[in-house]
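The next block holds one structure in the form of structure tokens; read it before the comments.
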Amino acid sequence: MGKNRGELWTKFMDYYSAVFADGALTEREKSLIALAVAHTVQCPYCIDAYTKASLEKGADLDQMTEAVHVANAIRGGSSLVHGVQMRNVATRLGM
Amino acid sequence: MGKNRGELWTKFMDYYSAVFADGALTEREKSLIALAVAHTVQCPYCIDAYTKASLEKGADLDQMTEAVHVANAIRGGSSLVHGVQMRNVATRLGM
Amino acid sequence: MGKNRGELWTKFMDYYSAVFADGALTEREKSLIALAVAHTVQCPYCIDAYTKASLEKGADLDQMTEAVHVANAIRGGSSLVHGVQMRNVATRLGM
Amino acid sequence: MGKNRGELWTKFMDYYSAVFADGALTEREKSLIALAVAHTVQCPYCIDAYTKASLEKGADLDQMTEAVHVANAIRGGSSLVHGVQMRNVATRLGM
Amino acid sequence: MGKNRGELWTKFMDYYSAVFADGALTEREKSLIALAVAHTVQCPYCIDAYTKASLEKGADLDQMTEAVHVANAIRGGSSLVHGVQMRNVATRLGM
Amino acid sequence: MGKNRGELWTKFMDYYSAVFADGALTEREKSLIALAVAHTVQCPYCIDAYTKASLEKGADLDQMTEAVHVANAIRGGSSLVHGVQMRNVATRLGM
């Protein structure tokens, strides 16, 4: 994607590299977070990249599996918790 | 949204009304499906509308709650099942 | 996904099985709801699984097609209805 | 969000500003695209910001309404078009 | 998808065609908006269709690349801007 | 949501609690992952809950801010990387 409008690509990569560098969180922690987000948005390229990155940064499959379960629990749960709104509407309607 | 480019609104409403009319599925079943999808996309307006519609078409809170659990299970589960790809990548990398 | 941290898998499957068992809604109705949600989140594994399940539980292609149209109408419509916010902002700005 | 880890904010803003500057597309065209994407992801802050920006860059409500209809048609339609996969599975199963 | 419940397909196509016809926005502008939304929802069929359409309507790869960067900036940015809520919660908790 | 079909709620909570307990990852790491996923799906309830949980489990605002930037980078980036498909289509069409 850097072949057209290359300076946009360069600027995004400059941001992206800084996001994934060691900082307040370690590269390993960031890879695991990225892996969970990649599963949340179901991005095949990103799952490939962050499976590899997580392993390279020292995470193991137990840790990576837990990260995916967190994605499952929060992504699904964010729908479930909106059921509170459904209940409020139903109560207001006297059901 | 019908005040500008009103013919687009009219055409969508024409489609929308046909989708929710009794057909191969009943209006009650369609309201429950819409309620689940509304929770999947976390649309507050839609949750309001289809909580009301589900109740009006004869569904009860047990049925509506089950529909939301289906949304939770599939939306979350679609991330979990992508873990298969993660495992395949890890295996290919010899981990 | 059950090979690592197997008890998380087991617990989710315990939930998942209960969600799809006959209850306030029939297994057939739940399969159709799941099919709609699978199309909403564009999960290829889930579309496969719930096409098969819907047919096995007694739904036919007319019913399944209607379920997908509900997904289309609500998922798209949830964006359209947010146009109300756009109109309110524009009005507040005096346009 | 710039008060913590300010250099990440700065780098993202550097990218963001370049994305929305006049380039191969005009600022007005980019605002309309952003408005459509903001409706696609149902981001209230973003709808506010790009309603305002679209108006400031010279778009009118007819154009903005059409942009939202494109979001509706593609976001919903991306679920509908996945019905092709459902049909292929059903055909393979002999239904 | 038009083989079952064909009138729903016909009605949606009637809407869809009107959305993409020249109107307040040109067909070229609408194709670029659709291309950005297609990337936002990661719909492979839609990316194919609107890459082709954008080129046919006279857009070039620089313009199309910019449209995708707008999708990136707004879709990612809509998560970043929700960090405002995180900061408000943290402040309320006295952190 | 536990007032109707309470056993589904109980089973999901049983899963959910196990996901967030100390395991291969710490509770603090899981809270940060959940915070990132909550921003990815723009769930206001979840952002509230995991801002609080992250702070309680010992994370600080620098770490939490980095987690949100990872969400931004991957969620946006998953659209950007699909630009590869756009380029392949354009190349195939001879552009």
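Here the chain labels run A, B, C, D, E and F in written order, and each chain numbers its own residues starting at 1.
In this section, a residue touches a chain if its C-beta (ideal position, glycine included) is under 8 Å from a C-beta of that chain, and two chains touch if they have at least 3 such contacts.
The shown structure was predicted, so the numbers you read here are calculated from the model rather than taken from an experiment.
The minimal number of chain-to-chain contact steps leading from subunit A to subunit E is 1.
Taking A-F and B-E together, the pair of chains sharing more C-beta contacts is A-F.
Where subunit C touches subunit D, the two copies mostly use the same residue numbers: shared numbers make up over half of all numbers in play. Taking each chain's centre as the mean of its C-alpha atoms, subunit D lies 21 Å from subunit F. Subunit E and subunit F have Cα centroids lying 22 Å from one another. Counting partner chains per residue, subunit D shows two or more touched chains at residues 1, 3, 5, 8, 12, 15, 19, 23-24, 40-43, 60-62, 64-66, 68-69, 71-75, 77-78, 80, 82-83, 87. Subunit D meets subunit E in the complex at residues 1, 3, 12, 15-16, 19-20, 23-25, 29-30, 32-34, 36-38, 40-41, 43, 45-46, 50, 60, 62-63, 65-67, 69-75, 77-78, 80-84, 87.
Those residues of subunit B whose C-beta lies close enough to touch subunit E in the complex are 5, 7-8, 11-12, 14-15, 18-19, 23-24. Interface residues of subunit D facing subunit C in the complex, by the touch rule stated above, are 35, 39-40, 42, 44, 47-48, 51-52, 55, 60-61, 64-65, 68-69, 71-80, 82-83, 85-87, 89-90, 93, 95.
By the touch criterion given at the top, residues 42, 61-62, 64-66, 68-69, 72 of subunit B touch subunit F in their complex. Taken in their complex, subunit F has these residues touching subunit B: 1, 3-5, 8, 12, 41-43.
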